[in-house]
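Here is the structure we will look at.
The chains carry the letters A, B and C, assigned in the order they are written, with residues numbered from 1 in each.
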């Protein structure tokens, strides 16, 4: 990880005031223009070879997710096996980038995925609300890291953000980042969930993105999937602009992960178009772009089958997970 | 990596006839004195169309006069409206066909004809259909009257859309029309003639005569024309203004522009970039209201230009029928030559010309999206309408300087303002001498919204209640 | 016996009373053909100066509040009322009409100012629009003055015709250069004295006397004039042809009645430009 100095970037000692000044100096976002741009990219037509590439890419960029109260070790194991062999009828199908689970499921996922390149991502910091004391959030994180989580998906304190306490949000991310430290001195990858549906305005989303990048997040992620508005194309587009500009300015590449509500291959391809045209092809890799999704995989698999056979597939021809 | 494979829209949906006559009195005349009309993207001949003579024009005007007197002025407003609704519906039903036809004949991307031109064409007819039985509320007092026969001449940049802007309000107000489409893009107007037949519009209410400038001049000069509506170049607008001098003909002119798109340092930058792109590269810059002069606050020029160039590199130029094409073909060889000449002039006068490295197809007429930086107000490219995908970039330091530079042109069609400061927008909107001001957006059109210029950009408005007034006079 | 002090009549440009730069004058005669006064015979250079004055006054007059413009126009009515007798006698002398008829014309002129004054802050309420566009945009159309208007005042109506030609132009924020009726110039000159003592900023109304045949073509071809009202011109077609050069807005002769105590909103609007402003709605 390249080291960035928040003080240098903000241009002063980090205080709530200096953060506020810095965040509020970012160019505004015009909602209508942003959404028009997103809609226009949505009309891109992806055919033949590019479609085949995109479908595989979508799988490779997937964080195959199960985040339910009723999750069990068996359920997680089953999902891991699905990740290892997404389509038993086509063994050339790539695997998703990661399995995303609650912290207590990390050991089970690790075990099931042993010997594969599939990462285990754990949601942490009192996911999804984030309403717990810092001590609990830190413990939540450390526990997951200790159990072998490769990636931590934390949530920001939206309450603090919306009340203007940027310093608190910043400090929490920094602290969680430190909690991602492994014994060998490396860090678990940190994805910072902004919960854009709760931040409500695009200006807030841009500011939260910058705050997360400043605090050392490796990824900025849209949503928990647990509120009414999850990932949208305009939100993802905006966050991709943020990481693009961050790279231009500071030379550090940050990843973007839309999560929640992405269910179809068609949707996924629209996102990939946005990645390509906004951030550029450098981001078209699992290292810098992920989909947080549960039901997306099967739709992509059905599309792959359609491309192969020419016939529309059906749910009986892909496995339940 | 992720390259888009070609995704061409099928052209099988369009059937052009081999040759077309004029549409007069509800029927097509026998093709005569034909000339070829091509696809500017491939130079393929699409059909032959007829050169309208003074006699053809006379017959068309007579047909329009007779329809005006015998049918159109006799039926009620609500019946007129129903014809327009019917036309609107047929346009929606045939919208894909018309979009492909327009793209073939004009060279503009299918993305635009499909998503912009055709939806607006239909909405224009829907909007004015509703006015036909409400003319008493137009603002001229009770029982306003139509002028009679309207002569309408439209340009090649938005062929069907300009037709809709002209015909819909004219018919709603109770006029009959003779319309001359541009010589390079007449085919969709001829398809529209078929739609009039399909809608069983009374014969002679809409007449279409194809041909070049002389045909248009004959139409404007015809003594039995009561109203002239023209969209096109300022030079031709001047000729028309002279031609009608001393007559009782009412005139509206929608002419050229050299719009300033003003970007302040507090602008929503990413949206401003899109606004600049949309402002000048929409429809290859063949747009009279194009934001062809970028006025950027000096303090953000470097950052903005960097982003703009990066964005321009993602523009896809090529086959207009490909759904992923952003920039299509230049409409004609003549226009291409004019653009090239003006850019060369800009370079000669010290401007720095930049274009992304985009492959140019072998056949057809193409011009890469281009920006010219270091332009000063005295440069040709800052003053003359290029009517192509070429943006001239200038800077300013203060709002007053921005206004002075923006207004420093004989044109006054449109202007753009990009800033997050509301009070500044309202002040600038007052100060800018332009008929349409887009603040934090650009190139938006709507049938309810008046469009038209100040100064040499013409007079009269199209769209909205104001657009209707151009086709009405106060009753007695 | 005391020798009376005669007045030298001058032009009215930029709120001042200059002589014609040409130094020329012509003789105004009464209806019996008797000498009445020497009138300045304006030249093309005077026209040029008048356009400069009108242009420099325009943005200030335009940016005055509509309420303020209405008050200024009403003030003109007040001042006109105060000099009613002078206008009555001038009109009588020039045209030979009865005192009653002359009074009626002055009445109409005064009332027309009052009528126009009231329009200043109502034009946009009546002729502007909020447009319900099919998208997330605020969209409003307002009317703005076109700029500098050249007015060839009617030849046969020395006061009310003049008033009904000036008022519709200036009420919205235009400034004007008027060529007064050649024969009936005296009321126009007297009227400039009314203007000079009202609250009208200098340059908003500029009045040239002389031959419209000689001066009007220079105004019609002037590139810094935005509109021309050819009502009183003997060569309206020629003016319209020249006006086409920079696409001036043209009011053709006979378009509007100039004799009443009320004008026409359409006349006011003909000298205005519709401006439509778009802004996205969103947070």
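The working rule: a contact is a pair of C-beta atoms (placed from the backbone, for glycine too) under 8 Å apart; a residue touches a chain by one contact, two chains touch by 3 or more.
Fair warning: this is a prediction, and the values are worked out from it, not measured in the lab.
Participant: If you walk touching chains, what's the least steps from chain A to chain B?
Facilitator: Minimal hop count between chain A and chain B: 1.
Participant: Going by the contact definition above, tell me which chain pair has the most C-beta pairs touching.
Facilitator: Chain pair with the maximum contact count: B-C.
Participant: Can you give the whole-Å distance between the Cα centres of chain A and chain B?
Facilitator: Chain centroid spacing, chain A to chain B, equals 44 Å.
Participant: Approximately how many whole Å separate the CA-defined centres of chain B and chain C?
Facilitator: That pair's centroid distance is 36 Å.
Participant: Would you mind pulling out the distance in Å between where the CA atoms of chain A average out and where those of chain C do?
Facilitator: 69
Participant: Multi-chain contacts in chain C: which residues touch at least two other chains?
Facilitator: 135, 137, 280 - these are the residues of chain C that touch more than one other chain.
Participant: Could you say which residues in chain A touch two or more other chains, in rising order?
Facilitator: Residues 30, 32-33.
Participant: Quick check: what residues of chain B touch more than one other chain, meaning two or more?
Facilitator: 440-441
Participant: Would you pull the chain B residues touching chain C in the complex into a rising list?
Facilitator: It is residues 123, 139-140, 234, 237-238, 241-242, 245-246, 248, 253, 255, 410, 412, 425, 429-430, 434-441, 444, 446, 448-452, 454-456, 458-459, 461, 464-466, 474 of chain B that touch chain C.
Participant: Write out the stretch or stretches of chain C touching chain B in their complex.
Facilitator: Its residues touching chain B are 63, 126-127, 129, 131-135, 137, 139, 141, 144, 146, 223, 226, 236-237, 240-241, 243-247, 249, 252, 266, 273-280.
Participant: Which of the residues in chain B come into contact with chain A in the complex?
Facilitator: The contact residues of chain B facing chain A are 1-7, 111, 115, 266-271, 274-275, 306, 314, 323-324, 420, 440-441.
Participant: Under the definition above, what is the set of chain A residues touching chain B in their complex?
Facilitator: For chain A paired with chain B, touching residues are 27-30, 32-34, 36-37, 43-51, 53-54, 57, 238, 241, 248, 272, 276-277, 281, 284.
Participant: For chain C, which residues are in contact with chain A within the complex?
Facilitator: Its residues touching chain A are 135-137, 280-283.
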